[in-house]
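In the two assemblies presented below, subunit A is common to both, partnered first by subunit B and then by subunit C.
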Partner chain A sequence: MEPASMPKQANVPLRKKRKRNLFFSKKVAPYVFVSPFVLSFLLLFFYPLLNGVIMSFQSILPGQTAFIGFSNYERVFNPTFYRALYNTSVYVLLTTILLVCVPIALACLLNSRMMKLSSVFRAALFVPALTSVIVAGVVFRLMFGESELSLANHLIGFFGIEPVGWRYGAVSGMFLMVILASWRWIGVNIVYFMAGLSNIPGELYEAAEIDGAGVLQKFYHITLPLLKPVTIYVVTLTVINGFRMYEESFVFWENSSPGNIGLTVVGYIYQQGFQMNNMGFGSAVGVVLMGIIFTISIIQLKFFGALKKE
Partner chain B sequence: MKKSGIFFMLLGLVLFLLTACNQETASDEEGETSIFGEGIEGATELTFWTFQELHTTFFADAVNRWNEEYPDRPITLRAETYPYDNMHNNLLLALQSGKGAPDIVDIELGRFPNYLQGEPQLEPMNEYVEPVIDTFVESRFNIYAKDGVYYGLPTHVGATVIYYNKEITDAAGVDIDAIDTWDDFVEAGKQVVANTDAAMITLETDDYWSYWPLIKQRGSDFFDENGEVILDNQINIDTLQFMHDLVYVHEIAELTPGGGHHAEEYFGYMNDGGAASVVMPMWYMGRFTDYMEDLKGKIEIRPLPRWEDGGNRSAGAGGTGTVVTNQSEHTELAKEFLAYAKLSEEGNIALWKVLGFDPPRWDVWDSPEIMEDNKFYQYFNDDIFEILLDIREEIDSIHITEKNPLVQQQLTTNVLNNVLRQQSQAAEEALKQAADEIRNQ
Partner chain C sequence: MTVKARVLSVIVIVAIAVIACLALFPLITLIVSSFRPSSDLMRNGITLSFSFRELNLDNYFHIFRQADHYWTWYGNSLIISALTIVLSLFFSSMVGYALAVYQFRGRNVIFILVLLILMVPFEILMLPLYRLMTFLGMIDSYIAVILPMVVAPVAVFFFRQYALGLPKELMEAARIDGCTEYGIFFRVMAPLMLPSFAAMAILQGLGSWNNFLWPLVVLRSNSMFTLPIGLSTLLTPYGNNYDVLIAGSVMTVLPIVILFLFFQRYFISGLTVGGVKG
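So, the complex of A and B:
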């Protein structure tokens, strides 16, 4: 009996050790650290995504769910969908331009030594990002009311312009959505760009100054190129957020805008899925939208060279 | 370094303040809960969802009466009010997934067809409806029924009437009792526009209450009795053209500020004497008393002008069907309570007294309790129910199909806006286009 128990005794600390090794091993640790993300991704994103794809091939009614092949997809590409896609694309284009150019300029301003009270401005510019879109939207809706007493119409009245029915025209409607989004997100993007600016070594500017570079030259040849990684990040984010946009339209028109001037792709999903009780069709639109965002993101990242190995 | 310190302190402060604000608004968006009949021992708790806060006051009253009448089976009602879309979507998902639905719920007519698709997840109410249906405006049950099974109990008749601001019509020298046809109305309108600053009437573009009752009044509808789309028939085209002409040819009408008669902008406009009249169903009375207080004593209710001699002077419009879902744990109790609340005589009298609705049970219309003075008589004229009894036979039933949400969508996005506001399409073209789109779905 004795000899048999000997190795057992020696075994115990060894197994403990191995257990501990396993826990501390460099091979396992990364997986442990990423597991919360992977798990939440699988549970909160991958499962709904998979289900959405399945639902897009179904007609869904209580007690009468059936597979109907591609017939949801056959109906997706209709004039209303194109209108929604057009609105969304214009919105994405405008917000991307505004939300990159303006924050870069403001970030440079705030970062410059000439700026007084820059911390106050930084905080002030960031505040809009913290308000809820719904709350901000109600205020915007009142500001841009159609009566001549609304703030916006009152202001343009000083320049002799007739009151505008902001919520009823295609151009002014788009303007409302873009201005609301810009107002909210400029502060956030400024924070990104300021982080980028603080990573640019000051020696570069000093060297450029010695070489006689002006303000604009420094901006074009040093600031912009070195901000490129941040810019790519901000553009990608703005594009994806733009395609997912829904609230900015909802606060102005809820679910039906005159002539669909405020209809976005996500709004269309919502309208078809819930208002018309057509969840299969809504899912099909969602899958198409996912394809569009995916394609655009890939093209854009390729274009910026972000997919190349450094 | 010091600067960024201040920056983050400021940021922290702002964040703190805003999260505090946001928490408050968040709870607002989640909806409001009130509990009625609390503190009774052994009471069964039922949940009730609605999209219209006013409706909860009616159920509070019903719970009190029930608990007095049936002390052996007391009820506690947990009433939750959510925004319109929010509530209907939550209910749709709850019924679809088989979890989370309340015992009793208000469903608005425009969305009701969604809940009748597939196998309705609602409880049949036939055993309670059939014995009393003869005393009701029967058509109000048919709009919440499928294959002969009644699911929803009506909240009102929704008789459409015209509300005149008598102060304005008097100032213009118009006698509202002399207005018998829409032609008379146009003439009176010209007088109002000429002699006062007000418009004669406002027309909705974001909602369809200015349009649906008028076509119904002429015997038309969006669908015929077989469910075929008739949205683009001649009557509907003519009616829309007439609305267009009121604004642009006769120049006596304005498009409703805010787009609809439930917009904040409109309440302010009307309260300030912006228009001399508005066409809305009887259930709109509550909006006057609650949101347009300055008009108290100035508003007179009359039947709609006729389209031709002997034509109808009203039409049923809108509605809310209250149902019991199949997820209720106390199905029988919930059904019995709901029937008690909405089918009994007392219940129908309460619909008038509490909400100012025209109760669907017409045998109470001349009961003494209905005639008792209340805030609606103080605000409007005294002969509201005499008018209602007078036009009872002239309230036609609307036809509801599962495509009604689609019609609502088409009218409020394209048709009314393109024809009345932008004038980018003629009435005929817009209606034909919308009708084709609905047929193709």
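So, the complex of A and C:
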């Protein structure tokens, strides 16, 4: 904002006015509006992205950076990375199955005519999404304690199962991460599917009922096909979130799990980049991860035919 | 309703009720455990059986009287969340609005860039962003935590969707009345977008309140920690801070749950941004 009229500037108001008008014109205003985005895109996205790719070809030591060609990439594919990739992939597979099937079923039940208090139950299922991973981790770590008195061990004791050191086995460790993530995300996905269900016209079901279709037939031939767009969206989101996973592992083991049972790809980036101070190598892992995520997204979109639609 | 349908309906409702209780169970045990002696929690974790006589307020007395660092984290989290909300709403709404209501060269390019940012996980930019922050001398400051969140692509996307539905005649009317383009946004259109501001304030606030990885990377000193980072430092097997950990966890979540009960609609529309319409 400039002062309206100053006595000293009496001889330049015309030029000033034109400048002002240009700034306020319909042509320039949109560019002013989007300028923060363009700035932040360049500084906080494009530059780091480019720099990340460049760093992956460098050896970065304090005060001494050198290009070393592909040697970071040659070292990326080592047993530890494969372990991280394996853990992450198993986690992605399990969370995707759980976080698609269970929410679809629950959303259908909540949406059905037989349901009462649907919004209360939806709210209750949504509450876990409000917790931070750390708080959720505190609860789950304490529930799945090693002691034979801990809640989880006490419960499985009813079935005659010996106490488990939950955080020390590969299978139980994976179970902890998957159950923590599923608990936190189920409510959000239910809301997605319920929104999808509310877009399905009720006449379809009525017509099917007249034709004598049963509950399961209606589900297979009407609900599932019409939920396809939402399902694609949820699957894509869950898969990408799965590959980004680090925090669910951190709350159980911080940065070092026994035999790397909790190591994820992002955890490996963190470990190499920050703890080992090996930023070049960490960046190379990051670029590989980006490649994996892009490939999967494209396959997914092609496979589900979502690319054709748009 | 036939008898069969009524029975089925009861079964379904009971089943959902059980599942809803299971979903709330971890939070309920957290709250109950916060009234139990922390030494027990440390030894056995959360247990199924405990005596009601041992419930007390010691953990809370401790945290209010002797855990100054916890309140420092709380303050940091409040400041960072508040700044993130204000800045990201201000900038993201301008961008989303411009993308929706103006025809200008480069509009599509910018929209594609927004979607591109949405597609690239933040974790991949973590190392170079950290180097950038080091270079700018911002490590261990509020600004380092906030800056990458200021123009949030999700919020831009949401505001754009919302602004697409605004009546454009109002803009013409305001122009005829001599309103500048900025005046149109701030005085006419932004007030109409208020529900979207509420939803995004909640999304950005919740995201920032619970954000973990990035603050973990850029915050160094205990006095700068946010709640999740601070609490995570207490989560050690040798920790003797379980009193602060457990009562602190409750006080981290409870305000959010209470807000949720009042503003459920906005939480849900904010957290489920995206192409659900199909």
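Structure notes:
In the analysis below, the second predicted complex is superposed on the first by the 264 of 310 C-alpha atoms of A that agree within 3 Å, B and C clash if a C-alpha of one lies under 4 Å from a C-alpha of the other, contacts with A are read in each partner's own complex, and residues count from 1 in each chain.
Everything below uses one rule, namely that contacts are C-beta pairs under 8 Å (C-beta built on N, C-alpha and C of every residue); 3 or more make two chains touch, one makes a residue touch a chain.
For clarity, every value in this text was computed on a predicted model and none was experimentally measured.
In the model built by aligning both structures on subunit A, subunit B clashes with subunit C.
Looking at the shared chain after the overlay, A:258 reaches subunit B, while subunit C stays out of its contact range.
Of the two partners, subunit B and subunit C, it is C that touches more residues of subunit A. Once the two complexes are laid over each other on the shared chain, residue contacts for A:61 go to subunit B alone; subunit C is not touched. By the touch criterion defined above, A:274 lies against subunit B and subunit C together after alignment on the C-alpha atoms of chain A.
With both structures placed on the common chain, the touch criterion links A:216 to neither subunit B nor subunit C. By the touch criterion defined above, A:123 lies against subunit B and subunit C together after alignment on the C-alpha atoms of chain A. In the overlay built on the shared chain, the residue A:147 is in contact with subunit B and with subunit C. By the touch criterion stated above, A:168 is placed in contact with subunit B alone, subunit C being left untouched.
In the superposed pair of complexes, A:131 makes contact with subunit B and with subunit C alike. Counting contacts as defined above, subunit A residues 123, 126-127, 130-132, 134-135, 145-147, 254, 274, 279 meet subunit B in one complex and subunit C in the other.
Across the interface of their complex, subunit C is touched by residues 24-27, 29-34, 36-38, 40-41, 43-45, 47-49, 51-52, 55, 106, 109-110, 112, 114-117, 121, 123-147, 149-151, 154-155, 183, 186-188, 191-192, 195-196, 199, 229-230, 233, 237, 240, 243-244, 246-247, 250-251, 254, 266, 269-270, 273-274, 279, 282-283, 286-287, 289-290, 293-294, 297 of subunit A.
On the subunit A side of its complex with subunit B, the touching residues are 60-64, 118-120, 122-123, 126-127, 130-132, 134-135, 145-147, 165, 167-168, 254-260, 263, 271, 274-277, 279. By the touch criterion stated above, subunit C contacts subunit A in their complex at residues 5, 8-9, 12-13, 15-17, 19-21, 23-24, 26-27, 29-30, 33, 41, 43-49, 91, 94-95, 97-99, 102, 104, 107, 110, 113-114, 117, 119-132, 147-148, 150-151, 156, 180-182, 185, 206, 209-210, 212-213, 217, 227-228, 231-232, 235, 245-246, 249, 252-253, 256-257, 260-261, 264, 267-268, 271-272, 274-278. Residues of subunit B touching subunit A in their complex: 3-4, 6-7, 10-11, 14-15, 18-19, 22, 25, 29, 85, 88-89, 92, 95-96, 111, 114, 117-121, 205-206, 257-259, 265, 269, 405-406, 408-409, 412-414, 417-418, 421-422.
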